[in-house]
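Each chain gets a letter, A, B, C, D and E, in the order it is written, and its residues are counted from 1.
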Amino acid sequence: MTKKFSFIKILVWAAGLFTLGMLLFIVGYIFYNGIPHLSASMFEWDYSTGNVSMMPSIISTLIIIGASLLIAGPVGIFTGFYLVEYADQKSKFLPIIRLATDTLAAVPSIVYGLFGMLLFVYQFEWGYSHFAGILTVTIMILPIIISSTEEALRSVNDSLRMGSYGLGAGRLRTIFTVVLPVAMPGILSGVILAIGRIVGESAAFIYTLGSSSSMISSLGDSGRTLAVHMYMLSQEGLHVDESYAVASILILIVLFINGLSNLIGNRLGSGGK
Amino acid sequence: MQSNFTETFMKYVFIVCASLSILSIILIFYFIFEGGVPFILEEGIGNFIFNEVWRPTASNPSFGILPMVVGSLVVTAGAIIIGVPIGVLSSIFMAFYCPDWLYKFAKPAINLMASIPSIVYGYFALRLFVPFFRDLMGGTGMNIVTASTLLGIMILPTIIGLSEASLRAVPKEYYSASVGLGADHDRSVMRVMLPAAKSGILSAIILGIGRAIGETMAVILVTGNQPAIPNDLNQGVRTLTTNIVLEMGYASGRHREALIATAVVLFIFIIILNTTFLFVKNRGGND
Amino acid sequence: MANTKFKIKDLDFYYGDFQALKNINMDIEEKVVTAFIGPSGCGKSTFIKTLNRMQDLVSYARVDGLISLDGQNIYEKGYDANLLRKKVGMVFQHPNPFPKSIYDNIAYGPRTHGIKDKTQLDQIVEESLQAAAIWDEVKDKLDKNATAISGGQQQRICIARAIANDPEVLLMDEPTSALDPISTGKIEELISELKEKYTVVIVTHNMQQAARISDKTAFFLTGEVIEFDDTEKIFSNPTDQRTDDYISGRFG
Amino acid sequence: QEGTINVVSREDGSGTRGAFVEIVGVVDENDDDMTTTSAAIQNGTNGVMQTVAGDPNAIGYISLGSLDDTVKAVTVDGAEATPEAINAGEYPIARPFVVAWGEDQSDVSADFLTFIHSQEGQTIVEEEGYIAVDASASAEDEESSEEASSEETTEEASSEETTEEPAEGEESAGAEEAASEEETTEEEASSEETTEEESATEEESTEEESGSVVASLPSYEAAGLEGTIEVVGSTSVTPVMEVLAEEYMALNPDVTINITSNGSSAGIEAATGGAADLGMSSRELTEDEAAALNQANIALDGIAVVVHPESTVEDLSLETIRSIFLGEVTEWEEAAQ
Amino acid sequence: MANTKFKIKDLDFYYGDFQALKNINMDIEEKVVTAFIGPSGCGKSTFIKTLNRMQDLVSYARVDGLISLDGQNIYEKGYDANLLRKKVGMVFQHPNPFPKSIYDNIAYGPRTHGIKDKTQLDQIVEESLQAAAIWDEVKDKLDKNATAISGGQQQRICIARAIANDPEVLLMDEPTSALDPISTGKIEELISELKEKYTVVIVTHNMQQAARISDKTAFFLTGEVIEFDDTEKIFSNPTDQRTDDYISGRFG
């Protein structure tokens, strides 16, 4: 009977290798097209049509990642806390929140863009600004963080909670000192996914953040993320090579952020190893 | 010692946070529906959704989004067929088959995959998939299969990331117990670990499908975007999202309203999808 | 000896539709060791967990009736369940150490209740581990993860963790089930010491153990208390036929 | 060249497509866009270029400013797609780049416009591969814009058509090229006639002033203003606008110009709503929009018809292109005849 | 009785750097009940798990030496570990039912090994649950989740699950630790029945139990086998002083 199921092994390996191969292929394609076109002038502080510098976009991207995680991180994780640790599992509120987050998760970027434009840019009269962009993507990544937090929390063995409550610890202490460390890796993978979503996003930003190429001086400024920068460079076919160079840098930045968050995660989640 | 005040206070903080996502969805609803629903009512629901002709700028404009509805459904279905099995299998690979040395490299790689901007996927597919499928299937190569393949690949990291997390969350004792009964690795994984992670995997799939329906910037480059109902896999289609993005930049007046109304339809789709899954999940989780 | 610590009146308990406890009435006295015996599935764990409101955490559980501690209804609105659980410590049937270091496991309770001082914590940790008869085995690996040790060691870690919290009442659900006779002996010794200061409730399947260490014994059967009396009486001259059958092994 | 022609078009409403179908005549008797429904749609110049570059049987059209050697521009009726040929009136397919602004225009924004229309500004336009427009015509247009737009309104109200793309296109093409209002009126009068005639008119009018207009334009002098200008709109206009803005900021260091590139309608809306000082559009304004805004042309952009670089097709007649995009001609063999 | 089922030679076992078993030599005979006793943490579970290669799952574990089953080295390359585990069944120290229905828990093994027939499965499930003395308690809730039952019930479910697999050898790690005397009695009865056909290895902290049901007993201490002999001999007249100390409770 070992033989009978061995095709599963083949299947699973094939799927895994396909995925990785595809990724290698894409990354290779980007690097192949991008790295040769990198130049020092692309990292000058100020953008001009001559240097098509990505520095302003790098800064904006980092600011937006930081700021939106600062909001969506706590809000999402706290929502997860509520859903798993507080809410009565039979309450009517629960499916509503779940439906809301699932729906938020499925709302297309372009709809987020339109919404952000209508609400933040026009209704609130913020104009195209980092504020508008940050708030829009904050809502966008919220469901990712919520659902990964929820999953991670649910997977924590109840006996651990019992152990903590049994010692007279309150919910808060139980959550923060016993449950959270165990759930950390799961939550972290959600955060990384969220960062990925921000970094890869363009449609939602074009309508909220705008696409100004100048260096940010306040959060009220318009700006562009790296992905938007790429889009802008490539759209008219004038700087296609440079746009691949930007994509290469984008990939390096993502790798860097992943490494960093793993490091942080290991710190937070290691407990007593 | 935590005072009772902090406990209660934080509880309300958590409730407020949980309510924020409801608030957000209501706001999005409001703004999108306010822009689109009046148009749909004017035009007539049937005439908007079941009309096959999309000619928004003609002198006698016709706003029928049936082709786009069909396009979205077909392309998403294709993406599910390609992306879900590969995604779930890959997550199993990552959780239970991947050797350590490979995992060190594969894990960040999958995360990276989620971060690559849509447009990059789009141009990649335009340069490599489109010619491939053109040679294979004839026509322009910008067709349902190309778009489905691309989307299937694009939703992989979403599915893999979350599924893997829930697979890993299944207690190891279950695995030991299964192996202790003489089940091999495959069976232990497929029959014990996989079902135990069912609910997590299902939400990963929902998220993935959501991404597939909502994806635009990449699909737009490879579907051909013809607003006509396809009758063959090698024909192009236009999806609801691409319809919005394609024309939003230029539309004004009723055309623009029609596009926002398209977003409304898209929305309703997503809600139907999610409610169905919520239902299925609740049913599935009870045994 | 006469002070009543817990007073239980007309207690019914439900898991969803299933009634796990039926009309329990019992007084648990202070500074006395009370043992619960009875066949598997009769409701011992269920009952013991109602005493410190651990059942609050089972969403589909429902408690009817009255349980008071020191004269106060613990299911009353506004009663602080955390404080209750600090006062009424618990050792669970399955060992459930936190995936933290051994040290952090033991220090968890004291820290929760405000003890920050390092030397004081060190002392509590050592004393508790000593009392739970595991100090010698783990003193060199206090910083090791408490989940990568043997089953019996985990159980003793959990006992130490409960003691470190300095409770008034200690609920122990089969605390020696995974222990060898020597460790068991030490835990039993500990229980005898504890009863000088504390009230102890212990669930056990080991009749000899119940006979050895408890002052009072309750015999449970399918959710009911069949008999509750002095241990001596129960084991030498039970009133109810079923009790007799059970302790003499003639049951079922 | 053999095989099925794979037609690649831009999205409905795009300025490039509007101008293309109108000039080539891919329209029906109501001037409705009749581009074949089997055409693949790409929503950006680069999308079209990549598609055509990857498909030996494809044909598409792109902004002349973006043309490079990944694709091959065919000659149309023997005329090469170059600014010179357009200026000379030989190459027929071109469209205007428009900027629009609301009632209260700031001084800096007005000054920036002056710069764009100056010799310096239009030199940049030419360097970027577009065709310069006459400053004085634009300037006049600016001053009389209110009047002009009311004229438009009246005229179009009398027309039976709701959307008058050809008519409008005609009109602003006229506005750029004609030196006097008289000519504008003349051309408006002819707006109801067929497209072939229109392009003929266009040719005529451009013939009058063949060659670059740059030399005749006034020189710009920095006014030393300060402030911020928000420019929002068309992705096609953005590249040249960026260069213009940079040059302007170099001359006026205290001015900041932010450019947001998100589509013509978004730009016009931003200008109407006040979110932008200048809206960029690569299409004509609709009558509603024109009533609410002032507008000026800042450049002309040629539209190149492109095929795969290895395609053997070198020249197509305007009529063949029309048939191809109407879907009447579907095989390269037919087109080659 | 003389057939050797397991032959263990010079076995060393390491968790990372920590040596948990030292130079074990032992012959486990067929159709005999062998009991392992010893203080908590001495390596009983570790050893029993090397017998069906469950330790393969601990990535940082390392086995040195030889273990052969029916004359074949089970750590040999190419030896089918799954077949081994089908032949050598195991009941874990902590009950670990699958989060599936009770029925599916029991049927899991048979299904794994190719039994599809519904009536046959039904029969196996009933018989196994009967044998594990839990049929009456769960026969009406076979479709209920096996994780929402009492601790002792879970333990018996796990025993039934192991029996359903029809193994040649059954390894039981404290199988009655959470059971009341009656259930314990039934499990002990079961073990006596099983030994007609099977080989049974049992870890227990209950000296009486070891004395009652086993034929051979091994006494472990800090990773070493101090004494391994006929149960009778061990309990009446042990060779080693430490064994004597331990079984008479004088140890430590």
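One rule holds in what follows: a residue touches a chain if its C-beta (ideal position, glycine included) is under 8 Å from a C-beta of that chain, and two chains touch if they have at least 3 such contacts.
Note that the coordinates shown come from a computational prediction; the quantities given were computed from them, not determined experimentally.
K.L.:
Counting one step per pair of touching chains, how far is chain D from chain A at the shortest?
P.N.:
Each step joins two touching chains, and the minimum needed here is 1.
K.L.:
Give me the two chains with the most inter-chain contact pairs.
P.N.:
A-B
K.L.:
Please tell me the distance, in whole Å, between the geometric centres of chain C and chain E computed from their C-alpha atoms.
P.N.:
28
K.L.:
Centroid of chain A to centroid of chain E, CA atoms only: how many Å?
P.N.:
48
K.L.:
Using mean CA coordinates as chain centres, what's the gap between chain A and chain B in Å?
P.N.:
So the centroids are 16 Å from each other.
K.L.:
Give me the residues of chain B that touch two or more other chains.
P.N.:
2, 123, 127, 171, 184, 187, 245, 248
K.L.:
Send over the residues of chain E in touch with two or more other chains.
P.N.:
82-83, 94, 112-113
K.L.:
Counting only residues that touch at least two other chains, what does the list for chain D look like?
P.N.:
46, 235, 262, 266 - these are the residues of chain D that touch more than one other chain.
K.L.:
So in the complex, the part of chain A that touches chain D is made up of which residues?
P.N.:
These residues of chain A touch chain D: 48-50, 121-122, 127-128, 206-207, 210-214, 221-222, 232, 234-238, 240.
K.L.:
Could you list, by residue number, the parts of chain B that touch chain E in their complex?
P.N.:
Contacts found on chain B: 171-184, 187, 191-192, 195-196, 287.
K.L.:
Please name which positions on chain A make contact with chain B in the complex.
P.N.:
On the chain A side, the touching residues are 1-2, 5-6, 8-9, 11-16, 18-20, 22-24, 26-27, 29-30, 74-76, 78-79, 81-83, 86-87, 93, 95-112, 114-115, 118-119, 139, 142-144, 146-148, 151-152, 154-155, 157, 170-173, 185-186, 189-190, 192-193, 195-197, 199-203, 226-227, 230-231, 234, 247, 250-251, 254-255, 258-259, 262.
K.L.:
Residue numbers of chain B touching chain D in their complex, please.
P.N.:
Against chain D, chain B makes touches at 55-60, 123, 126-127, 130-131, 134, 139-142, 220-221, 224-228, 236, 238, 242, 245-253, 255-256.
K.L.:
In the complex of these two chains, what residues of chain E are touching chain B?
P.N.:
Contact set of chain E toward chain B: 52, 54, 57, 82-87, 89-90, 92, 94, 96-101, 108-109, 112-113, 143, 145, 158, 161-162, 165.
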